[in-house]
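Shared chain: subunit A. Partners: subunit B in the first complex, subunit C in the second.
Showing the complex of A and B:
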């Protein structure tokens, strides 16, 4: 193939396949440009930045069309830009969360008026830029994109942490954040280079294939050491973004120094993206082809096609252009499916690492939150603890991909199984015996099943539980942070003790706080309980008893400090019983808090759609 | 017709919650109207349960003579059918299909008496709440939410739903103790919350373990129909064509699976113990925290003492029963193997609670604390009655004793619900007047408040277990049953009655008898008001009725209890064959 043809191919691919797939990102870019222009052209239009961002975020969500993507049982997987990014259910789900959060964030900032009005433009440029980076993280399919996405997401956050430039703690926190972030990014980059060096690729599916082959043939001691080191270093970078112990030190200071609105951004959006990335990375490596029965056919062709892919991918890594379109489909036959046992040590390592991280993070976060007197610091530790909970089902998912559990790929099919009639059948024949009927069902079902999609696996369910938790977590934490912000504006304090007697002065807001806090504990009838139930069920399914015990224990531990906030508002008498006169700002602030709290109750009773979406998004990952 | 049943059952459970939401939007300041609305709601709920209780049709069934039985369609659906051991008034609607979770309610002879008890005590407790004068609106809202939680626990047949109702009670209870309680209310409220949450987390773990081990496709169609799973089973296949297990939260189906020959819960889980064993242990700990049994009872004296009077009534009268109900409904039917293996533990914990509770009650100086410890002692009977297993030395399968034990345990729960609620109310009446509860500073109340003292002494005697009053029947049945299981246990259990008599008689002597009142505020010892009589008198009346004519209650319970025990006995026989 001649060079012009290659260029022609690449151009065609980029214009007709790739660009349409990143329409939401393009919308965000346009928003940034419009924001900058608006400041230049109409500097007197005070509410301009708000409107522009609001419209931009809504437009991005509209062109993302999550309702269309997640309406089909298994969304297709689309590698774009020669494999740099991937658009699948997971990416769509995460980006929808990020964009919904962006919308709600703009409204919150508008209501609480946190930056001086003149700074709103800068603030939104940064926030939209960070969201853009997070969207990249959510769809990264290539280690270079991982780094780029993370940096794009992190850099604006450093500035956002110091957005109140005249407050000393704020700038101090921003500096700390930036230093930590730079360190973590450097370490991660080094780790990635080690991985790429051993495995010879940066493209995730290719890298996974290489890893499987390497594990199959038996790595040398040096290779094992390098792989271990590389993945540990990669874990450092991710742990920093997730604020997992021991890389959490920045979190309390940054959350305390930055305004509560920025705290919400860091704790919700940043974590959503980082967790999505974590899920993608570990699953790419450990669960290459659970859902690809075609790949089980024959070892020969798959192995043959393999070196060719590697070469092609090296091109991508090396030049970033001119790669043939064939690479795009390089994931079609992933030979790792035939080497399930070879990956067992990798899985054990990842499960062990993630479990350790989850246990330490969760426990430390909850214990440290106990002694806090500042609401934002408390929420920072709560965020850390929730990172721990969120890592648990990821570990479970990895464990379940490999068949550590006895019937791993077999079970948990109720979720999707019931939803799609193509793969199920009715066992209602009166002649069916007591236990003999099972076989009969199996025989009867066999042809239909092959025709339809394979049922959902337990690992998928574990991933779906992460996604469901993230969606609920968005509202829980946004509610908590927006209440903090609204209260800061009303009573001028963020100390928990100063909330005393608030129930007399502002009962509706106290009810919202109670709902948010108890949802964070995970008590019914609130969505937080359902989310926790979901992730615990994944952990039980994977039979990771230690994780389950720690999760249960931490639920009890966390009760203390969440309860302390509510207690402070409700039980002690108000020091000075002045009432808060109802101003317009307060009324709208209260309405906003109620608005983001309602989903916590509603999602408990009507969770079906969200669960289905999460299950479908997860199904696309495998 | 079916719609009516759905509406009726949902009305009972959710009317209080809906009313609570309505109260939320009512303006503050109209305190009496708010109280009145709350009162009306509890009355309506009670009336609905009483309407169900009016026997519709007596079906003659006897297990001795098989053959066609005269079963005729009940004329009014919704009414309780005496003599029917199975679930009645079943409501089953899908809720969270991803996990097969359903809105699944029903009543049978075990749960229905407790439902009536709950609605009855809620009504009386609401009447007793008339003295609450701080934050009335919030109080009524929380109280009604609490009622929904309690009724839901007794009526839920889906394990997940059961768990949700169980936890829903936590928050209202925390605030009710924490805001309207006594001087150490915050400590007591947090302690209550913490203990119950620990129990709840253990239950959650057990629930998940059972769920993921369950498989509906192992049940025959008849068995599924008996569990009210009437729609066809949907089974999906894995890649290698093995059918996937169909998990369920249906408590009836879980029980069927637990008792079937090749139970899915026999799968070894951890340290050589099966899923069923672990589930039983976790659930047992969770439930005896609520019951409560020694050594997990320490939250109870604090919570009872600090809670306001009506909440103490609810706590003692209803909440403690949930532990016993959970054991009866879930632990025993679902995990019979573990229950059989650990019967000695259940009995031992029961007897320990009885003895320890009685001795601790004797040592108390605080009137309310004494009543609280007497609850620990009395709930020990429930555990002992449940723990008795029919297979003595694996030879004799005499179910009579066992049926007696379980009936006794259930009867004791109802009897204790009446007597302990009455005792707490009586303490509350006197506390409202003199503002202290020091047992040594009372005396001579018979002179100043004769009607009150008469009612109190009656209720205290009912708690003591005097023949002719309700406390006697349950204790007697339990001790008889225990004799068959282990004679020493029965002897100890019977002797506890002496201890009970000791502390109750001593209390009566110190508080009501004697020449004159010794404490402060003697001038405020006014005679009991009509409202207070209206609360205390029904409790005493029922205590007498159930003591003289226990059949009134046993008629409702016996068919289901016998059926449950018979099933478990068959399971034991199979084990030893």
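Showing the complex of A and C:
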């Protein structure tokens, strides 16, 4: 194939397949440009940045079209830009959460007027930039995108932490966040380089296949040492983003120093993206697409032959002669039923690591929250504890992927674990086996369709429970932080003791606080209860009893400090010197808090739609 | 295998990378000046770069099949850009911190705790 043809194919692939798939990201990029232009052309238009961001976020959500994924029975997986990004149910779900959060965040900042209106343009450029990075984290399929997404999400957050740049606590928070964050990113990058070097690829599915083959053939001592070291270092970066315990120390300081609105962004959006990335990484490694259990596939090479050819060519053009040989070698040895067992040690390692992280994070977060007198600091520890709860079902999902392969009938040893033996289910197997050259890469990168509604496996339900929890968590934490922000504007304090007697002045806000706090504990009839219930049922299915015990114990522990906030508002008598005259800003602030609390009740009674969507999104990742 | 008599291969580069990494970590954890910590972070990032370029080189590796080829060098380029961006942001923040507290000593950044 000649060079012009290659260019033509690459262009066609980018323009007709890849670019349409990242329309939300393009909308966000456009928003950033518009924000910068608006500041330059119309500097006097005070509410301009708010409108531009609001419209941009709404447009991004509209072109993402999450409702299309609500009733698509089959999850579809589309690798774009020669495998750099992947668009599937999980990425659409996470990106919708992120964009919904962006919309609500703009409204919150508009209402609470942080920062001073003149800085609003800069604030939104940073926030939209961070959201863009988080969207890329949510759909990363290549280690380059993992690194880029994480950095794009982190860098604006460092600045956001110090957005009130003349306040001492704010600059200190930003300094700590930037130094710890950059250090964690550096360590993670070193770990990534080790992993990529040992496994010989940066493309996640390829990397997973290589790992399976390596484990099958038995790694040397040096290789296992490097793999362990690399994955631990990678875990450092992820644990930092998740604020999991050994790397949590930035969270309380940053949350206390930064405005409550930025705290909401860090605790909701940043964590959503990091958790999505964690799920993607561990599932890519422990359940490689080759062994997809529910892959009753109908990938015809005819269905999308042109893009396949294109990606294949583009890859060859990009990688020179070395890499394709490696991939072909791996394909020759691929269709074996032994591979799932070969991954068992990897799975055990990841489950152990995640369980340890979850147990320590959860317990530490809840215990440290007790002595806090500052509301934002208390919420920071609560965020840490919730990171622990959120890691639990991921560990469960990894443990459960091991249980899938033996259940499924192995037909002829070729198709590994196909759900329905009637249909020929070789997901990638035979297609990859026969053709000995570049064609194979094309088929690997080709969209893999999973037809028919396969019954959701336990592992899928575990991932679905994570997604459901993230959706509920968005509203719980946003409610808690927006109440803090509204109260800060009203009474000028973030100390819990200063909330005394609020119940007589603003009963509606106290009810909102109570609902948000009880939902964070996980009491019925609130959405937080369902979220915790799904998580613990996933843990039970995986028979990780230690996690269940720690999770249950921590839920009880957390009840007391969340209740303390409500108690401080209700029981002590109001100080007489304070009066809260009703102003328009305060009324709107209260209405906003009520608005974000309503979903906590609504999602409890109408949870089916969300759970079904989460289950579908989860099914697409396997 | 004696590394001093072997022809230069990936291993040698990995050793350089590891030394850089350890120096960077030491620098990060022992420096009290915020700028010193940033320098440590740069060292760690460059250690990763050395690794990536070495793994990506098709001449250094005997088994070309395992080479990450251009991907390694691509990521190294991105890391250089990221390091620049990170340095810009972190230095701006350090300057901001200096403006409010008149120091860049990270041990003095202890107003927030509890």
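Keep in mind that, in the parts below, the second predicted complex is superposed on the first by the 519 of 622 C-alpha atoms of A that agree within 3 Å, B and C clash if a C-alpha of one lies under 4 Å from a C-alpha of the other, contacts with A are read in each partner's own complex, and residues count from 1 in each chain.
Methods note: a residue touches a chain if its C-beta (ideal position, glycine included) is under 8 Å from a C-beta of that chain, and two chains touch if they have at least 3 such contacts.
The structure displayed is predicted, hence computed values, not measured ones.
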Partner chain(s) touched by A:612 [first = subunit B, second = subunit C, both, neither]: first
First (subunit B), second (subunit C), both or neither touched by A:537: first
First, second, both or neither for A:525, with subunit B first and subunit C second: first
First (subunit B), second (subunit C), both or neither touched by A:15: neither
First, second, both or neither for A:175, with subunit B first and subunit C second: second
Subunit B versus subunit C as contact partner of A:7, first or second or both or neither: neither
Interface residues of subunit A shared between complexes with subunit B and subunit C: none
In the complex with subunit A, residue positions of subunit C that touch it: 10, 14, 17, 21, 24-25, 28, 34, 37-38, 40-41, 44-45, 47-49, 51-52, 54-55, 58, 64-72, 74-75, 78-79, 82, 85-86, 89-90, 92-94, 96-97, 99-101, 106, 109, 111-114
Subunit B - residues contacting subunit A, complex: 96-100, 160, 163-164, 167-168, 170-171, 174-175, 178-179, 186, 190, 193-194, 197-198, 201-202, 204-205, 208-209, 211-212, 217-221, 223, 232-247, 262, 270
Subunit C-touching residues of subunit A, taken from the complex the two chains share: 143-144, 147-148, 151, 155, 158-159, 162, 165-169, 171-176, 178-179, 182-183, 185-187, 189-190, 192-194, 196-197, 200-203, 252-253, 256-257, 318-323, 325-326, 329, 371-374, 377
In the complex with subunit B, residue positions of subunit A that touch it: 293, 407, 409-415, 417-419, 423-428, 430, 432-435, 437-438, 441-442, 445-446, 449, 454-455, 514, 518, 523-525, 529-530, 533, 536-537, 540-541, 545, 548, 552-553, 555-556, 559-560, 563, 567, 570-571, 607-608, 611-612, 615
